[in-house]
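First subunit A sits with subunit B, and in the next complex the same chain sits with subunit C.
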Partner chain A sequence: MAELEVKSMTETQLRNLRRQRTKEMRLQLTGFGLMIFLTFMAFGMVALDFDPTFIMGVVMLFAFIQVILQFYYFMHMKDQGHDFAKLFMIVGMFFAISFCVTFIYIVWIGSPI
Partner chain B sequence: MSQATAQKRGFWSVIWDYMTTVDHKKIAILYLIAGGFFFVLGGIEAMLIRIQLAVPNNDFLSAGLFNEVITMHGTTMIFLAAMPLLFAFMNATVPLQIGARDVAFPFLNSLGVWLFIFGGIFLNLSWFLGGAPDAGWTSYASLSIASPGHGVDFYALGLQVSGAGTLISGINFVTTIITMRAPGMTYMRMPLMTWTTLVAGVLIVFAFPPLTIGLFLLIFDRMFGSNFFIVEAGGNTIIWEHLFWIFGHPEVYILILPAFGIFSEIFATFARKRLFGYSAMVFATVLIGFFGFMVWAHHMFTVGLGPTANAIFALATMAIAVPTGIKIFNWIFTIWGGSIEFTTPMMYALAFIPSFVMGGVTGIMQAVAPADYQYHDSYFIVAHFHYVIVGGVVFALLAGLHYYWPLMFATMLNEKLGKVTFWLFFIGFHMTFLIQHFLGLWGMPRRVFTYLDGQGYNAANMISTIGALFMALAVIVLVINIIMTLVKNEKVGRDPWGDGRTLEWSLPLPVPYYNFAQIPLIRGLDAFWIEKKEGNGEMLPAESLEDFHMPNNSIIPFVMSFGLFVASFGALYFASGKEWAIDAVADLPEKPWAFWVLVIGLAITFISMITRSFKDDLGYYVTKEEVLRDLEERERGAK
Partner chain C sequence: MAEMKYNVPNEQWPEHPETATLEGKNKFVGFWTFLGGETVLFASLFATYLALKDSVPSSDHLLAADLFHLELAFVMTMLLLTSSLTSVYAVYHMRNNNFSKMQLWLAVTVLLGAGFLALEIYEFYEYVHLGHTFRSSAFGSAFYILIGTHGFHVIIGLIWITGLIIRNATRGLSVYTAAKVNTAALYWHFIDVVWVFIFTIVYLLGVI
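For the complex of A and B:
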């Protein structure tokens, strides 16, 4: 059996780790608060009868910000060692968006361009 | 568990061993056997097509049977022969090339091969159960919804099952290559075979989900009463064409990129030179993979997408010629000035360059959208894609079979018979398909079961059929060669070609089941070659000799795949005779048991999944003593 070596951490390492985790927790909570706030704003705009075109644009923008917050803060894409995950997500999104655009233009709308 | 005891075991215990194996080398052999079987099946279908078309007004096959034969020829060759055979070589080489003891997910590797085998068997059972699919390998929805009987259902379900296996294997290879490289094996030191496998794996991950979705929509329409492609109910058949080609175009790159990888290895080995322009080759591979997703609509120029859409896709298609050209020139520069050895794999590799370029040039011709209106649905297209798939992929498979045979079986295929195979195949291939370009330009449409006398097609079709006979002869010689080699069973030692450059040739043959006694240290591109030239010809170890961990065998993947095989029959007969079913199957006798077969099949799969989740299988350790004993036995020649 390969033995697992267990080393206890030094005082400084422990302190650094604790500091990092506090920071991480603060970021998570900030992100969460921001997302709740954005959702609240979206609902609020609809409740206050803003101009629909305006609402559509702003809500799309909010959604985009939420996606980024979700990926980078909640799903840890900002952390190290996620290069391939990042690459795959971005390439996948690029493909998916281009497929959707084509479908909307040349299948759904149906008029040849 | 060692090789010596394995040889003493009985026949059934060997069968059981292969059914439960998670070892990538044995899975490679499973892929090779199953893929080879389907390759022969597809080849027989090809011969039937050519016999039917040899003379005008032939009635060797009826029109309906002809449609079934062309559909099954295309489907079998792409999904059940070419791709699994490439997986065979990927499995056999990639873990050895990157210095790993197995793939990242050995269990999934086994699941992948069994899903493919059961999917392939299911698809081919259609011949005995009321007729094969007859809507072409593209199975365009306007045809496939109307196709009477259960043929297309076999297509949709069979490909769904085997496609799941392919997707699983693709994910597995991507993970393996990213996470399991030996110390020192940086991305830019990976052999080209590994690089092309990585890119092909990524393409599988992105390209197979659209196929899965398309097939599910087709399954729902044909078997469960939905209306995605049913025009009377507001469906749209063009959606199938888009989904199919979003998958279908990357699919041809999934096939050709590993073929490029095999050829890159062969060129460097038998020209005894480092691959010219390695980084440009890597760049070109990635670029081809990326562009592969931007061009699918060039299969649909005549659908009526409009001039702007056609122009965009035409331009993107032409752009692919640039990275492909980079590759062709790099191969030529690799052999330029090398000390070339004309072995069988090298002959295929040398023949591949002009053959593939011819296929590529006609590809550029078709990329010109206005010109494509003339070529569309003619034999010109048939000639083009056979030039790239046979001249590229099949040449690579045959070359790879000869080249990697010693790595997989520790024997060598006969070189003389290999060269006979090569010349027969090479002549037969050009004879069959070169003339088909002209047939297409003279106006012969594809997918017709016969043609009239006096249209000027007679002589050309006869020549084409004779060429196909040559290819059949070549395959027969190859089979004889394989049988002779297996019977003789003359074992060869390490580095049997004498000029091995990459890590896999540094291993003793037969390769121990744990691959590496010690994970090697990689000091550069062509790791083994560097040690031969600068070191003592042995790989330096990157770790001390210690116990290491290996996965346990498991029968669960087999059972899981079998469950889906059973469930497929349930789904297939579910709509038979139901009043809500489409016209194609509404008149068939009702099968009340179909629902229960579906349930039982899915239950088998889910129960095996649950078993897998709850049963802790932590694998086992190979002890240091066993490895030392192996090394010592090899030292004194006991193995």
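For the complex of A and C:
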């Protein structure tokens, strides 16, 4: 394990850091509010029996927005040093979307081979 | 090996305690790799569910639209979404070197997660009574494997976070324990990410 080098912070540095973190927390709370709002909207649209094709597109869009908020704000992906994290998630997402599109196409859309 | 100092004064607490050591950095990259793999695991289960949705052997079997209750799914979603926020609070206090508040928010996360799990067990119990079981149809198998794998992750997360709370209760906060808490929080957020797709694809698109 590497030696831990911690430079002692001054009073001002510490205060600035705390302020920065509080600011970030406010952003995270905004993100949470947005997620709650999107969830309400998604459930509301289904409960009010909107047009199914419209619902399908919109709730999937809402899901992706929620997940991006979750990754960027809650899991701190917007911070520096997350290049590998992004790489792994993008590769994972690529396979995830491929699997789902392939299965839906083979079973529900395409004609039998 | 770096000396693990517990409960250091605020001015000596690093800006990013969770990645202040090499072990912390390794955990961080390693865990994101794992989450990439988990994404693919859940994708295969989602694809299976989408392919087998409403595939039942006879017309007397219940379909997705007959089974799912939006109210229950909504309450479960709110519980898990809120628990995700409380684990954000825990990490916030961890970074601010505030051990007792971190423990408190981790405990709240566990309680909300346990509530979610209780509702999921109740839901499964209801479905089994209605004749929708793991063996009753291909739809049933795909449904229980997908939701069950997610539920299993919730159980693991609850055991993990409870373990951290208990293990760290007497020793406090150090760069070593900070990395552990951060990893558990990432896992918990990922559980919520998967649930966002479950409530959208399985429940919302299931009842329209």
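Rule of thumb we're sticking to: the second predicted complex is superposed on the first by the 92 of 113 C-alpha atoms of A that agree within 3 Å, B and C clash if a C-alpha of one lies under 4 Å from a C-alpha of the other, contacts with A are read in each partner's own complex, and residues count from 1 in each chain.
Operating definition for what follows: a residue touches a chain if its C-beta (ideal position, glycine included) is under 8 Å from a C-beta of that chain, and two chains touch if they have at least 3 such contacts.
Bear in mind that the values here come from a model prediction, so they are computed numbers and not experimental data.
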A:66 contacts which: subunit B (first), subunit C (second), both, neither? second
Can you tell me whether subunit B or subunit C touches more residues on subunit A? C
May I ask you to decide whether A:107 touches subunit B, subunit C, both, or neither, giving the answer as first, second, both or neither? both
Where does A:99 make contact in the superposed view: on subunit B (first), on subunit C (second), on both, or on neither? both
Output check: A:8 vs subunit B and subunit C. Expected answer is one of first, second, both, neither. What do you get? second
Give one of first, second, both or neither to describe whether A:43 is in contact with subunit B, with subunit C, with both, or with none. second
For A:78, decide between first (touching subunit B), second (touching subunit C), both and neither. neither
Quick check on the superposed pair: does A:25 touch subunit B, subunit C, both, or neither? Answer first, second, both or neither. second
Intersection of subunit A interface sets (partners subunit B, subunit C): 1-2, 84, 88, 91-92, 95, 99, 102-103, 106-107
Flag every residue of subunit A that touches subunit B in the complex, lowest number first. 1-2, 84, 88, 91-92, 95, 98-99, 102-103, 105-107, 111-113
Subunit C contacts subunit A in the complex at 1-3, 8, 10-15, 19-23, 28-29, 32-33, 35-40, 42-44, 46-48, 50-51, 70, 73-74, 77-78, 81, 84-85, 88, 92, 95-96, 175, 186, 189-190, 192-193, 196-197, 199-201, 204-205, 207-208
List of subunit A residues in touch with subunit C within their complex: 1-4, 6, 8-11, 14, 17-18, 21, 24-25, 28-29, 32, 35-36, 39, 42-43, 46-47, 49, 52, 55-56, 59-60, 62-63, 66-67, 70-71, 74-75, 81-82, 84-85, 88-89, 91-93, 95-97, 99-100, 102-104, 106-108
Quick one: in the complex, what on subunit B touches subunit A? 178, 202, 205-206, 210, 236, 238-239, 242, 246, 290, 293-294, 297, 304-309, 546-549, 621
